[in-house]
Amino acid sequence: MSATFGTPLLFAYAAVLCTLLSGAVSLLAVRSRPGFLHFGSFFFLFFSGAASIAAGGWTLLAKLTVTDHFALGLPWLDWHLRIDPLSGFFLVLLGTLAVAISLYGPSYTREFARGPAAQPLPPLGVFTALFVLGMQLMLLADDALVFMIFWEMMSLCGYFLVVYQHQHAANRQAAFLYLLLAHVGALVILLSFGVLAAFGGGLTFDQMRAAKLTPLWATLSFACAFLGFGTKAGMVPLHVWLPDAHPVAPSHISAMMSGAMIKMGIYGIVRVSFDLIGDVRWEWGMVVLIIGTASSLLGVLYALMQHDLKRLLAYHSVENIGIILMGLGMSMIFLGSGHKMLGTLGLVAALYHTINHALFKGLLFLGAGAVLYRTHERDLDHMGGLIHRMPVTAFLFLLGSVAISALPPFNGFVSEWLTFQTALQAPALENGLLRTMMPIAAALLALTGALAAACFVKAFGIAFLGKPRTRRVARAREVPVGMLGGMGLLATLCLLLGVFPTTVIEAMGPITQLLVHEALPSATAQGWLWLTPVSPQVASYSAPFVVAAMVVVFGLGYLFLKRGTAPARRVYAWDCGFGQLTQRMQYTSTAFSQPIRRVFGGVWKIEERVDTLASAGLIPRVTNLNYSLHTYDWSWLKCYVPIGRMVLAAANKIGFIQTGNIHTYLKFSFVTLLVFLWIVS
Amino acid sequence: MGIAALGLYSQAIILFAALALFTSFIMLAQARMMPLIFTFAWQGLLLAVVSVLTAIASKHPELYVSAALTFTLKVVLIPWLLYRLSIKLNMQYDAEAIEHPTLLLLGGVALVIFSYFVAQSIIHLSGLATRNTIAVSIAIELLGMLLMCVRKSAVAQVIGFMSMESGIFFAAVVSTYGMPLIVELGVAFDILVAAILFGVFFFHLKDSFGSLNVGQFNRLSEANQPMPLRDAAGEPSPGDPS
Amino acid sequence: MTLTLLEVTLLVPLLGGLLLAIVGHRPIAGWINVAVGAVTFGAALAMALEVFEHGPQLSPSRMFYIDAFNVYLVVLTAFVGLTTSIFSRPYMRHEVERGRVTDRRLRLYHSMYQCFLFSMLLALSTNNLGVLWVAMELATLTTVLLVSLYRTPEAIEAAWKYFILCGVGIAQALFGTVLIYFAAESKLGGERDDTLLWTVLHGIAGGGLDPAVITLAFVFLLVGYGTKVGLVPLHNWLPDAHSEGPTPMSAVLSGLLLNVALYALVRVKMLVDASLHTNLAGHLMMGFGLLSFTVAGLFLHRQHDVKRMFSYSSIEHMGLITFGFGMGGPLATFGALLHMTVHSLTKSAIFITVGHACQLAGTQRIDQIRGLIRTQPAIGWGLLLGTVAIAGFPPFGVFISEFLLLMATMKAWPWLTIPLLVGFGVAFAGLFRHVQRMVFGEPPPGQKPVAANMLPVVVHLFLVLWLGLAIPGFLSRWFEQATVLISGASPL
Amino acid sequence: MDRELTAWALALAQALLFIAAAPLLAGWLQRVKCHMQNRDAPAVWQPYRNLAKLLRKQMLLAENASWLFRAVPYIVFGAVLLAAAVVPLFAVHLPSAAIADMIVLVAFFALARFFTALAGLDIGTAFGGMGASREMMVAALAEPAMLMAVFTLSMTASTTNLSVATAYMLQAGLVLRPSFLFALLALAMVAVAETSRVPVDNPATHLELTMLHEAMILEYGGRHLALIEWASQIKLMIYSVLIIDFFFPWGIATDFSAMALAVGVIAVTAKLMLLAVVLVVWETVLAKMRLFRVPQFLGFALMLSLLAMLTHVVLETG
């Protein structure tokens, strides 16, 4: 191995080392000494995260690309490692989440140390560490073999984490489905690398970059990569594993999966199509754009129908991946049709949304975890009024909701705004079809945004506002400071990335330089205050002003309205003069989404049942009314179930070979022999 | 070259080869146990004779060894063994119903033609007078296999197996004047052991199944086994409130 | 020097078999078994080092020939033989306690175990195709009694099928050998006893043995040894034999016997390729391999018996390896060789854990085995990790070989990657849906841990892990030499 | 530098004027409406009186109202204020327009709506939930329609900056663009929905069946209510000014000379009064529609805006 001192790789290795240590330490965390997990493991995880941030940050700021290799792997193929701005960016993302969960985890995992949900702790720590390790080294990989090894390792450890509480059948099934799709996806990715390797004459990424592909093979390679990585990223219709796997995992793991793991799919798509294959084609962009739009819309529509908080969040991951893909797709379209600068804009928008989603989705999952930790409830319709019991959690969750609903001045809005701006540059395109497609995609993105807002009004409103619907929820307490710290970190970052977009975009310069040899000078030309992606005349946005104005309004409100007036009197809610309110009168999440369910009917397979129980008597009165509603995922019913059935049917048919009758067996070999003899003579 | 052109020995060889083939057919059609065993012994004898004749004709003394091996194994030991066993297991009067005997024989004829067709491609290679009999040896082997495929009784299957071996032996003799000695010995040893093991197994089979009808041995059938439960297929339905 | 070592390698198990035939029922027998295995392994290792230093070795009598291809298989065989004997000691004792095995049968088991190892080592190290055949037949004969060890009707039936089918198959192989002899003999006449020597044959093969005969011979040999490799549709004996025999037997059958049969097949293929200039042999093997691969993958889904299921997985992997060898080319060959190694290591480890798991649950039925990871974590994790490894997940070695095979396929036959892909997916699903249910979940009430020696499993999995992360230099050089030997080119 | 300062000063003045004038527009609207419906009308500055009264009243809060409930009015007002600050009222080329473009404008409204809906859910009354759920449904359909309409304009002017766009329309003069026709209609319909006027909503009732927006703010009183009412008046004004700016920008000041500014103010006043009359006519002839007809109404708006977009792409660009 070459000397790595004075390069970001040093930090990267440090991060890997810390991760390994974290795993090693948690091996000691037997039932009697849980401290090794709570403190030891997460302690090292913290430093691992910090080191990855340092490594990534250094690469980004210093615009470095450092390579290294170890004499491992195959005799003729060392392990090639490399850190460049792209991987650095994702390392930062990963490290941030690692730091957040290392603050959050120690308290959260106490739940597994004792009590009803007690589990053996070492697996949790070990596989969390290996999970992070897989992602870190996968980002550092510079040849197909290392990449695949750690890609699969990530998936595998993810499996062990999802199945961690394996006494629940739901966990087992979800984990199985997850691992199956991950495995198949990985094999498809392997094919994509196979094509590149076959043309490039080698497995290292450098050889692949050098490969001269015919359009057909390039497209095939891209298609494989897109399918494979898309499975991991959770794009429609390959997303079915996601809403099952994320909810059942421990919440800090869900945050890690939704925040970091599925982003690795995005990393893969960017790495392969922009970096390895190189010249992207607008046809690919069109496909990506369409799939992205579908994912975002369907993702949010399915999210609206969920009343399991974590499942709702999982579907929102599908939606946000869709938004990221839209950005990528437009970028590909622009690059493919020769508009470098606009392509760069799309790419920046996509990457920006990637890190944003990592932050706020991590935050939201941690928040959901906090609620779960105190109330052991995931069902919205059993929550309510938590803002009084867990004010800080509520506040942080609210920030996350605002961010994910793409509302200013938070980060989610900035990236969506950039995506809109990219779409609005469509007139620059020659191809009329694309020119129409993009704005329509943008309109659907707007629809998505509005629906997302609706969904989070529901999520936050039903869970945290109103009156508690169950006793457990009514008795909830605020979570320990460590968990709040983890969430607070992410929330702060959400705000910062929303308020100072120009700085972030400037930092992303090296990435686009690396991938498309182009940066966005215009975006930051007007200084940190003004974000002007194309030019000040075309569009501009100044988040700091917005925040300032908000502060001013509050200040004035306090000065002129609140000060000196009598304190507000607390009375019964008026409610148009109806009588005493009970918590049963509140809107439930199911009720809340009813109008939308009615408007967009047909997107879901809905089974609605109303059971009424009439009392006996001359005039039968309804004494008991039971309403139940199930929504099913079409893509599951239409794509996966048939395939599963097909395989099982085939397996059922194939049984005839093993009749158990020796004569049949003898006949088999006899016939085989005769056939072969026939063939050769 | 026509058979007339051959020497007397060669003619004799071909004659006996034909007879051996004929015995295979008899075995195929023979339903009763004892005659089956005897026919098998006869076949062994014919093959031994052929080896001897070849040895004389081609002045290959080592062929006497293989002839001797054939004789001891295929004519004396194995038939005797089978004979004793079938008496012990008192099935000497067993006779099994062969379905479609004529069809079977026609199939046998087809096999002979097939093996001739197969042998065509290699016959030209052998410089030996006996080369035409390669086809016969292949035929004997395939017929032995056919026998195993159609006969229900374990004994019949063993006989089929053994006659396959004879066919191969015969092929070795007539195509290349036998194999290297060590190989022949090894093969002979294996066959002997195999025969003994077969004997052991007859008893086990009799004990555990009450008969030697291999058609009944299908406890390990998967054909009519139901699939494992569906839930094992890991088919959760997303949409289910889990 | 080497040859004395080789003689030791061959004689020790033989004598050990005889010794155990006498004392095999005593408690000490288990230890003797282990000791014999250890000595064999040591000798094999030493011999391997010799070969590693001085290259291929031919015994003066020219009876034995050790080259890069078979030397590592010899070591592997000796190694797995050793570890399995370590496993079989507590296992068989438990079986005796459960009264499934009497003293006489225990003795039979021990002595046959060593004889079986002997026959396989012989098959690997011999230079004579005829002797190779004899050894293969011997392997059948020694194992057939072990398969029926429990004397249950199922066991008897399985053994009978094993016996008949392999007997018939092996007979075809004999005929093929005769034909090769015929071809060679007609080529060089004279020196009869050398004619079947591998070295001689390989020498003259380039000069063209008669293609017609060789082709014919290959067909017979393919069907013959293919039966023992367990290629669909000749595989039917395999699941029965694996599921009904004692577990150590299943371990060595899957881990070793199939390898040895495949070894014989590949040796023959080398001859055929050298003398035929078409790639017919390769194509036949590819077709066979692909068929076995896919069919076995489907069969995995419909299994009720855990050992049976893993035997199908063996068929699947053998199919893959056959496919790889059939494809030829350095990359594929290297991958196939590597896969032979990692598969036998992993699969034997799996069978070892499965054996303990079955003793734990008192049944082989998948739907009655539950919550292993709760009752005895060592067994649960062992089974789970073993399955993960065999399913081709990194960082285990199986992944590397499958990776190479896929890459090679992509290079040579891009469209065949699709069936491979489907096969992998189906097989993984079929394997995992069962294993997951056995390992996880709540254990049935009253499930107790059993005495188990997990050392073999740990060692095997560690080796597989090591191979997955980095192939040590000497091993990679062996593989490379073997690759050069088989495919005529180096992957480097 | 000096010019810079005057510009910012003007921007501030415009924003303040905007806020100040919003209730006036509401009053005018009310008055015209009453005339049209033969009722005797309140004074034009009645809204000011209401606001003042509300601001003076003592606060009543539902007992389980959270801190969020109390913060919402300020957030809403702030968001709408920001929106008002960036819309050119009587002059273009004002620097404040750079703070936020059309998309951000829409986002400000979304922000206000988001928090209003949360406030509706906070007390836990059935009405609040109902209002929130319906409002979000309506918004989900209105927002894309609005954005599409706005996109059509911004693609024509190739900018999303309001001031620049207005200036572009101004110097482009009268061009008969079919896309603008559709966009205008779409925008008008959206505006009606967003400002909760007939036929989508009727701000004048507190009837379970008809309430949308009102249902969410039922529990508010005192200064909170004042802020919210004021905010919605500003919102109405913003929409009207937007329509004016995009489609009838004539007369708006392009330089900062007193003359031009005066003209601009007068022009915009006149146009607003005219627009108000149109709105009143519309509200008088139409009746409030059933809730589940609203999606069709908005769907129609969406279709119009799509049509605008397509006609723009197909007919108006090279």
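Structural remarks
Letters A, B, C and D mark the chains in the order given here, with residues in each chain numbered from 1 onward.
FYI, contacts are C-beta pairs under 8 Å (C-beta built on N, C-alpha and C of every residue); 3 or more make two chains touch, one makes a residue touch a chain.
Since the model is a prediction, treat every value here as computed from it, not as a measurement.
Any chain bridging subunit B and subunit C, meaning touching each of them, is among A; the list is complete. The highest number of C-beta contact pairs joins the chains A-D.
Work out the mean CA point of subunit A and of subunit B, and you get 66 Å between them. Centre-to-centre, using mean CA coordinates, subunit C is 78 Å away from subunit D. Centroid to centroid, with C-alpha atoms defining each point, subunit B and subunit D lie 97 Å apart. If each chain is reduced to the centroid of its CA atoms, subunit A and subunit C end up 44 Å from each other. For subunit B, the set of residues that touch two or more other chains comprises 118, 121, 145, 148, 157, 214, 217-220, 222, 225, 227, 233-234. Shown for subunit A are the residues in touch with two or more other chains, namely 169, 172, 176, 180, 648, 651-652, 655, 658, 662, 666, 673, 677, 681. Listed for subunit D are no residues, as none touches two or more other chains. The complete set of chain-chain contacts reads A-B, A-C, A-D, B-C. Subunit B meets subunit A in the complex at residues 114, 117-118, 120-121, 142, 145-146, 148-150, 152, 157, 214-215, 217-225, 227, 230-231, 233-242.
Put simply, subunit A touches subunit B in their complex at residues 169-170, 172-174, 176-177, 180, 240, 243-244, 247-248, 307-308, 311, 379, 604-605, 630-633, 636-637, 640-641, 644, 648, 651-652, 655-656, 658-663, 666-667, 670, 673-674, 677-678, 681. Interface of subunit C with subunit A (complex): residues 160-161, 164-165, 168-169, 172, 215-216, 218-220, 222-223, 227, 232-234, 236-237, 239, 280, 284, 295, 298-302, 373, 377, 388, 391, 393-395, 399-400, 403-404, 406-407, 409-411, 414, 417, 421, 424-426, 428-430, 432-433, 436-437, 440-442, 468-471, 473, 476-477, 479-480, 491-492.
Taken in their complex, subunit B has these residues touching subunit C: 118, 121-122, 125-127, 141, 145, 148, 154, 157, 161, 164-165, 167-168, 171-172, 175-176, 179-183, 186-187, 189-190, 193-194, 197-198, 200-201, 204-205, 207-209, 214, 217-220, 222, 225, 227-229, 232-234. Listed in rising order, the residues of subunit D touching subunit A in the complex are 55, 58-68, 70, 73-75, 77-78, 81-82, 85, 98-101, 103-104, 106-108, 110-111, 113-114, 117-118, 120-130, 132-134, 136-137, 139-144, 147-148, 151, 154-155, 158-161, 164, 206, 208, 218-219, 222-223, 227, 291-292, 295, 302, 305-306, 309-310, 313-314, 317.
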